[in-house]
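Going by the order they are written in, the chains are A, B, C, D and E; count residues from 1 in each one.
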Amino acid sequence: MIAEHVAFGIIAAVMVAAASRVVTTRDIMHAALYLVIVLAGVAALFLLVGAEFTGITQVLIYIGAVIVLFLFGIMLTRSDFGDNEDTDYKRKFPALLTAALLLAVMVVALVDRFGTEKLPDDLSPQTTAQVSDELFSQFIVPFEAVSVLLLAALIGAIVVARREEGG
Amino acid sequence: MYLNTMLLLAAVLFCIGVYGVLARRNGVLVLMSIELILNAVNINLVAFGAFHATVVGQIFALFVITVAAAEVGIGLAIVLLLYRNRRSINLDQVDLMRG
Amino acid sequence: MGALSAVFGAEAVGEATAASGWFLENAWLIWLFPAVSFLLILLFGKRFPKGGSEIGIFAVGASFVFGVATAIQWISEVEGGGSKGAEGEYALGAGALSLAAEGESSGGVSAVSRSITWLTNGAESIGAGILIDGLAVMMIFVVTLVSLLVHVYSTDYVAGDRRYTHFFAFLSLFTASMLFFVTASTTLQMLVGWELVGVCSFALIGHWWEEKPNSNAALKAFFTNRVGDMGLIIGVSILFFAAGTFDVIGVNEAALNGTMTHTVTLAAALCLTAAVMSKSGQFFLHTWLPDAMAGPTPVSALIHAATMVVAGIFMIARLYGVFFEGYSIGGSSLNLLALIGGVTTLVGASLAFVQNDIKKVLAYSTISQLGYMVLALGVGAWTAALFHLFTHAFFKACLFLGSGSVSHAVHSFDMKKDMGGLRAHMPHTYRTFMLGTLALAGLPIFSGFWSKDEILVGTGGWGFFGGTDANGSYTIMLVMGLVTAALTGAYMTRVVYLTFFGEYRGHGTPHESGPRITAPLWILGSLAVVAGFINFPPGFQLVPESWREKFFQWVEPVGVSYFPSIKHATPSWSLAIVSVIVALAGIAAAAYYYFVRVRAVSPMATELPNGPTRRWVLARAGHSVLVNKYYLDWLYTRVIVGFVKGPLAKGTNWVNQHVIDRVVNEVGTRSVQAGNVVYHKVDQLVVDGVVNATGKISDASGEELRRMQTGKVQQYAAIMFIAATILAGIFIIVI
Amino acid sequence: MAEFLNDWGLSLATFLPIIGAAVMLLIPKENEQLHKLIALATSVAVAVFGVLLLIQFIDNDDYGALNFVVDKSWIDVIDSRYIMGVDGISLPLMLLTMLIVPLCVIYSWNHFPEPRNPKAFLMLILILETGMIGTFAAQDLILFFVFFEVVLLPMYFMIGVWGGENRRYAAIKFFLFTLFGSALMLVSFLALYFLADPTMVAGELTRTFDMRLLPDAAAGIAKSSQVWVFGGMFLGFGIKVPMFPFHTWLPDAHTEAPTVGSVILAAVLLKLGTYGFVRIAIPILPEAAAEWAPFIGLLAVIGIIYGALGCLAQRDLKRLVAFSSVAHMGFVMLGIATLTDFGINAAVFGMVAHGLITGMLFFLAGSVKERYHTLDMTRLGGLLVQAPRMGWILGFCVMASLGLPGLAGFWGEFPAILASYNPAEVLAEETFRSYMVVAAVGTVLAAGYLLWMFQKTAFGNPKDEFANDPNVKDATFSEYLAWVPLLILILLLGVYPQLLFGATDPAVVNSLSECLESATSEACFDAAAGQ
Amino acid sequence: MFSFAPSLVGFVRPDIDWHAVAPELTLLGVGAVVTLLDIIFLERGRAYTSAMAGIGLLITLIPIVTLAAQGTTREMFGGAFVVDNFALVLKAMFIVVAYIVVLLSTNYIAEGDYWENEYYGLLLSAVLGMVLMASARDLITIFVALELLSIPAYLLAAWRKGDLKSNEAGLKYYLMGVFASAIMLYGMSLLFGLAGDTRLSEISVALSGGDAEPVAILGIIFVIVGFAFKVSGFPFHTWAPDTYEGAPTPVTAFLAVASKAAGFVALLQLVYAGFGSRDDVYEPLFWILAVGSMTAGNLMALRQKNIVRLMAYSGVSQAGFMLAPLAVIGAIGDEAVSAVVTYVLIYAAMNLGAFAVIITVARRTASGEISSYSGLFGYAPGLCVVMSLFMFSLAGIPPLGGWFAKFAVFRAVVEADTAWGYSLAAIAAVNSVIALFYYAKVARMMWFEAAPAQADMSALRIPPSLLAALGLTAAATLLFGIYPPAITHFTDGALIALSY
């Protein structure tokens, strides 16, 4: 139990720190790398609470695909690497205020309802089989829909991002 | 382990993400901040799934992950398009239409 | 009116016998003829050889014949079936009336009343119809006769006018309206007729509307009348709800039998009085009447002397129950109605002095005489008032038409500039005018004498020479009446002198008018002499008893439930003599001044060169031999000319022109100004402004909101996040 | 024939104009003569139908009840039905519409205002006609509402396209005001629907919009709610009337509208508001009406004086006539506010009379404008010299308008004043008697501004600028054709008012709740609730 | 292979009612065919794509009709997927709307030399998302359907690749869309956390009883905010004007009608089936949203000079009207659903019609400025009349369809018989007047103003597909207004009550 707490504490601290850097660093490449840390932390948390399939998927899709996409994006848009004045707005206070207010509201709500709730002590891993059983019975329709969605996104993204002939 | 530790972490991540999308000028960085927000949601979903001992939380999270990936894909496509036409991905310059 | 059927009785008798009650029942035909004639003239008049005038004359003639027939039937009713026990002389086949006779007859003769449903309201039908009794019959006679004569007269007078046809159309319409009014069986109908005659008056005053003053006069007349109509409308409303009916008989009965409270009756009477004041030119709503002389002279004769202006008198007479009860006329010594009449008669007479326009003199004279009638009604001398109305109609019409004849010859109405010495040039006009003048002045034999005398008797103010058994003791009214009598004689003398004596001051040579003008003049002139004979006083021993009080018997509804039981004053020789003396004194004073003094200066002179100042009077006085003469001279110059004609009349005139008339004009001007303020300041600025401001505010707030729409996507995002946060926060706190 | 008319007559008369308009839609606009003929034929056919209906109506001899009732299902889901029918109140107004429209078409024959386009113009008139007739015939609140609104669009376009200088402003103002009122009115209708007790319809207990059933069904509504509901209707109808202080759209709309538009606006459209009061607001919510009546009466008399003062300030002939409408409708509203059969009869009469008279005045104003190209009264004058017939017709109408007895206007004005002397028992006498005095003053002012207007335009000699203008000629054939029926009716109704009162009275008596004769509004309410 | 067997024990093959999902499958097939067409025939297929898409959509109506004919409510996956009358009516609407959008797009896309087959493919996939949405009764399905309809729409908005405005439109729509779905997802996660299940029926159970907990409030509000974005309710409407203006006009029409309708479908399902008992939370929220939307939308629309932006703000205001019944849905239930659906259906007809006119006119004037409509009456009177029809219908003037839509809303809020309801009705009444002002402005421009001097006054030729679209929408607008049963037949409260 303690180990779990300690592990969670460390992961959480790292994630928060990394996330903060994602939104503050002026180097766009650094931001991407900090994002990797956060995503990895999320995956770790998933494993910690027994969501093994999701955790693995998280690593695969996010770190394996999304981050690569980002890197492509950074390069295709020829963003300046390194310290860049241009990444942020000068006036950050409104953004900070918004985030802080939002956090306050969330915290109040969460503490009020889940202040004393504990996760089950026995966090037995929910197996991939369980997940897939559920997914392909109960959620077959959204699953199919997501496949269409991915296809549409794929085609659309290609059309949009494709350089026009001669243009 | 308290459920709330997870939830509060998610809340913090969410708000950091919100801060990011508001404070960042660069399109790609905004997209990254969005990922923070979506991951916060996923943490919530998985935590609640564990809390209620149901796989539905995970499944929901899986859908979110998938959709998020698609969104990032087209998001980058649009940013790319923007870049191609404007040679810049600073969002504050995109204000042809207003009022 | 029965009077005239006495005159024409011989011819009319034959027809009337056969028809019995038919004319009474179908008296509505009398106003229908001219009404149809109006439409015919309007639509086809121009195609007729005489421009439509023949239609008008024919229609009014028919009305007149019917009117006479009606009168004869009525008289035969009264004489035959009535309680007053007249001789068989006129009792021609007194067939019982088979139709609805309303008004419980307790010994009297009930009126003939027929009606149709005019409108239904609240499932109750409101009728319209005819109410024929002595009063109506008398009025029909006067109206049709004068109208007929004026029609004939006009064919010459307005010949060649560009709106000849139109003139006759409106004469017809006027005649129809007036007849409709006098035969009305309900107050509602009276209201209708009342306003219609006003419109005709408007149209005819403004006949020569190319000139602004004429149209102004027309407007003024209509507008002033409208003010009075307000009173009529409200009065009729009050009476309707108090009595539960518009029916004249019902209203009177309700007023008399106590169904209405005194307060209500008084309120109604007051409202109606306002109407009378405007329509019959009573002080202080009289100012339109002199202005109305802008119309053609026949119109003045018909409308503004003989008929329309007496509508007010007629209405009081018709609704006498209301007035009698409302003003508590019986047993009193002063009431508003009598006071108004008295003041009017004085004011009118004194104003008549200072006019140079012959028609204006006559107009003020009319005001004065109308005041007399109102006074008479105010003191309870009902028959006297109507008798005066009757006689006045003839002699005043005669005077007006005479003045028209004069102006026809000299093309002017200005006595001082364009007249004088016309006696020689226009003998017929002169003679008839003199008949009218004598009647107006109230000299014995002439009709005005009889009626005026009855009024004076009726005031009951002569009590210290022997009781007269009148309705009250209105001594003040008697004094006013006597003063007026003197003034009347005086101003008429002035008119006669200025017009017919001295030397002609105008251009060219005046000629006597043609027969179509002089014939009516002679008829009216004769009537001015004889009309008074139909109501010899009861104690007048010079004629057989059966000749006395005919007018009273025929016209006054005695012993019926819709008429108050009024007392009838006993005539007094002494009063008659006094009144004649007073009138003669007025004439003499004026005659001395003009015929002697002014003439002495020059036949062309119209006034004494230095004017009637005291210094002058004293200087001339030394040359006077006869004390008597001096006395009269002094009386006239100091009292009458120096004071009445001078300060008093001038003062009154000033007040009249600058205060009363000004008020009328001011009311108009101020209304327009108020309208301007309301429109420009209130309507356009405030009311409309609020509307437009709402639009502007919407626009402005739209503009403000538009600023939110900066085009920057992250600001949109911020709005979204903040809004979501705040909404959630507030809901969490509130719920 | 009788059966046919009873079953179909009303619907046919209502929708015939639309059919005519649809036919015109299919014909190219170059074919102007044909368009005119179709429009004329249609409107005349409708008028003939009107006459047939009238004959049948008289034959049915039941003026107080609804005739020609049609009751078919329409929008079942909201229990709104297609119910049409006319009684003595609506029939005269409907016939007035059927008369005015063909006259407008005739008048337009050679007078199409710029930018011409007879096709569109005449189609709009026909659509208007359907809306107007439908409003008077509808016996279901929703159906009424729909027809009530149908007239808005054509009138908006008529003002906006064929209007004067300031037409855009006027058109939108007219539209916005009316819409504002009718939106709130709709809310009130709905509130009525939900608050009233369910009623037996076709053997089923259901809520209803049926105007015939609502008076009973609405009796149980709490008084405070009634007052609010009435308030909504008051705004809706009051703006249409228009009552002070909602009148500001009217002068603008009238001034800018083309002649025919003004005529229809004055003759019929304004009546929709007052008709609403008489037909809907008062019969259904008598208790609330009793609460509102003093206030309505106050606004009515303010309107009378205010309209008159507004007139006195005008230099523009048309605007003057427009303001006079405010005053005249004040009399109508005063009659309605008395809540007596007398007053409401007067109001209905006043509506018809005002329709005829003011319609005529607008026709005349239009013809004057056409001849002089101005309506500025300081420049006009001597109409009687240059166009004597027209001048006298104007004089006639002026007289009628100022309430001269013997002409139609009187029977709207006088009984209204009369009724306010003695309003319904439930109302305070003193209040209404003071209103009566003010209204009587209004009649004097009316004489003032109308005669003044007549003097300025008709009397005197023509001003130099127009003295030899060949444009200025007397009334033309088509003008006569359009005017004579109106003139005859003005006279006829004035001389024999029973023609109209006979029809309206039974219906008015039927429409008034007995409770208005109770001493207080509370008692009135209790009486109604107890029924 | 066998080693997997034990783990398969838990798997139960889902009982799939193929008839119930037939519309979705048909649509999927059509989308596939259209996409394949390009691959197989390359350039030669171009001419047929739009026709194929149109015909395909009409074919999709067949299973909807057969389902409706059977009339039974079908449920699958424990109530996560429901085919009831509500769903069928709205599916049919989405299909018809999509068909009309195809009609609008035909010439626009072909003449603009854009990517055609992909265009229709994406359009069809978005429609699939909508059709799916109508049946979705659990959070995951709703989420996926939402994304399925949104993601193609983001791309379509940016379809005119060379146009900066179009890029901007796509970007803004995309970003705001993603933010909104992020907020919504967070809300959904909380709701899921409270209920432990994603099905709306379960959520309804979990939420009911006692006072509202902050978490529940937060969840509900965040979810509603997410869809308020979709329906462009104030203050979440900010994307709409910019996106509408920049996107290709047929896409704008699609967004303004179908996408908005989908948002309302989701809201109705969530509120009616999911949040049912928590009316103390969502009713005031909807009240605020409704009032804010109708007022702010109107006020901003007053100031617009571009017709499409005007339509955007008008859409915001109209959304306010559609949101109004939701503010009383707790009190009147089915009737509110009926009112919203009625409004949505009528709104679809008239708004699409308006866009059809805008597209047609833009073919001549190549401008979106309202002032470019001046003198339209001169060279295209028919179009002018039809546009007036749509404008005044949007303003709610009888006897055009819009009146009945507004009427339904008024009726719903008044029926609640609460102070909130009446105040909402009064505000809506005032707003319907303000709205008239800008709708009439367009009409005024067309009718009252003369065309600019150098304008081309030759008669406007309207391509057949646009003509068809105009005819269909105009006919529907008139029909719905004159004979409302044509629409209430489908939207009767009792008929359309959601199953869950």
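Here is the rule we use: a residue touches a chain if its C-beta (ideal position, glycine included) is under 8 Å from a C-beta of that chain, and two chains touch if they have at least 3 such contacts.
Note that the coordinates shown come from a computational prediction; the quantities given were computed from them, not determined experimentally.
> Would you kindly count the fewest steps from chain B to chain E, each step being a jump to a chain that touches the current one?
Minimum number of steps from chain B to chain E: 1.
> In this assembly, which chains make contact with chain A and also with chain C?
Touching chain A as well as chain C, we find B, E.
> List every chain that touches both chain B and chain D.
Chains that touch both chain B and chain D, as defined above, are C, E.
> Taking every chain's C-alpha mean, which one sits closest to the mean of all protein C-alpha atoms?
Taking the mean of C-alpha atoms per chain, the most central one is D.
> What chain pair shows the greatest number of contacts?
Of all chain pairs, the one joined by the most C-beta contacts is A-B.
> Averaging over Cα atoms per chain, report the distance between chain A and chain D in Å.
70
> For chain A and chain E, let me know how many angstrom lie between their CA-based centres, rounded off.
From the centre of chain A to the centre of chain E is 31 Å.
> I'd like to verify one number: the distance from the centre of chain C to the centre of chain E, where each centre is the average of its C-alpha atoms, in whole angstrom.
Computed from C-alpha means, the inter-chain centre distance equals 80 Å.
> Need the CA-centroid distance for the pair chain C / chain D, whole Å please.
39
> Specify, in ascending order, the residues of chain B that touch 2 or more different other chains.
7, 14, 17-18, 21-22, 27, 30, 47, 51, 56-57, 59, 63, 67, 70-71, 74, 77-79, 81, 91-92, 94-99
> Which residue numbers or ranges of chain E touch two or more of the other chains?
140, 143-144, 147, 151, 154-155, 158, 161-162, 170-172, 175, 179, 190, 193, 214, 217-218, 241-242, 303, 437
> Name the touching chain pairs, please: which are they?
Applying the touch rule to all chain pairs gives A-B, A-C, A-E, B-C, B-E, C-D, C-E, D-E.
> How about chain A: which of its residues touch chain C in the complex?
89, 94-95, 98, 101-102, 104-105, 108-109
> Per the contact definition, I'd like the list of chain B residues that touch chain C in the complex.
18, 21-22, 30, 91-92, 94-99
> Residues of chain C touching chain D in their complex?
It comes out as residues 117-123, 177, 191-196, 199, 202-203, 206, 209-212, 215-216, 219, 222-223, 226-227, 229-230, 233-234, 236-238, 240-241, 668, 671-672, 674-680, 682-683, 687-688, 691.
> Contact residues on chain C for chain B in the complex?
Spelled out, the residues of chain C in touch with chain B are 706, 709-714, 717-718, 721.
> Could you list, by residue number, the parts of chain C that touch chain E in their complex?
Interface residues on chain C, with respect to chain E: 695, 698-699, 701-703, 705-706, 708-709, 711, 713, 715-717, 719-721, 723-724, 727-728, 731-732, 735.
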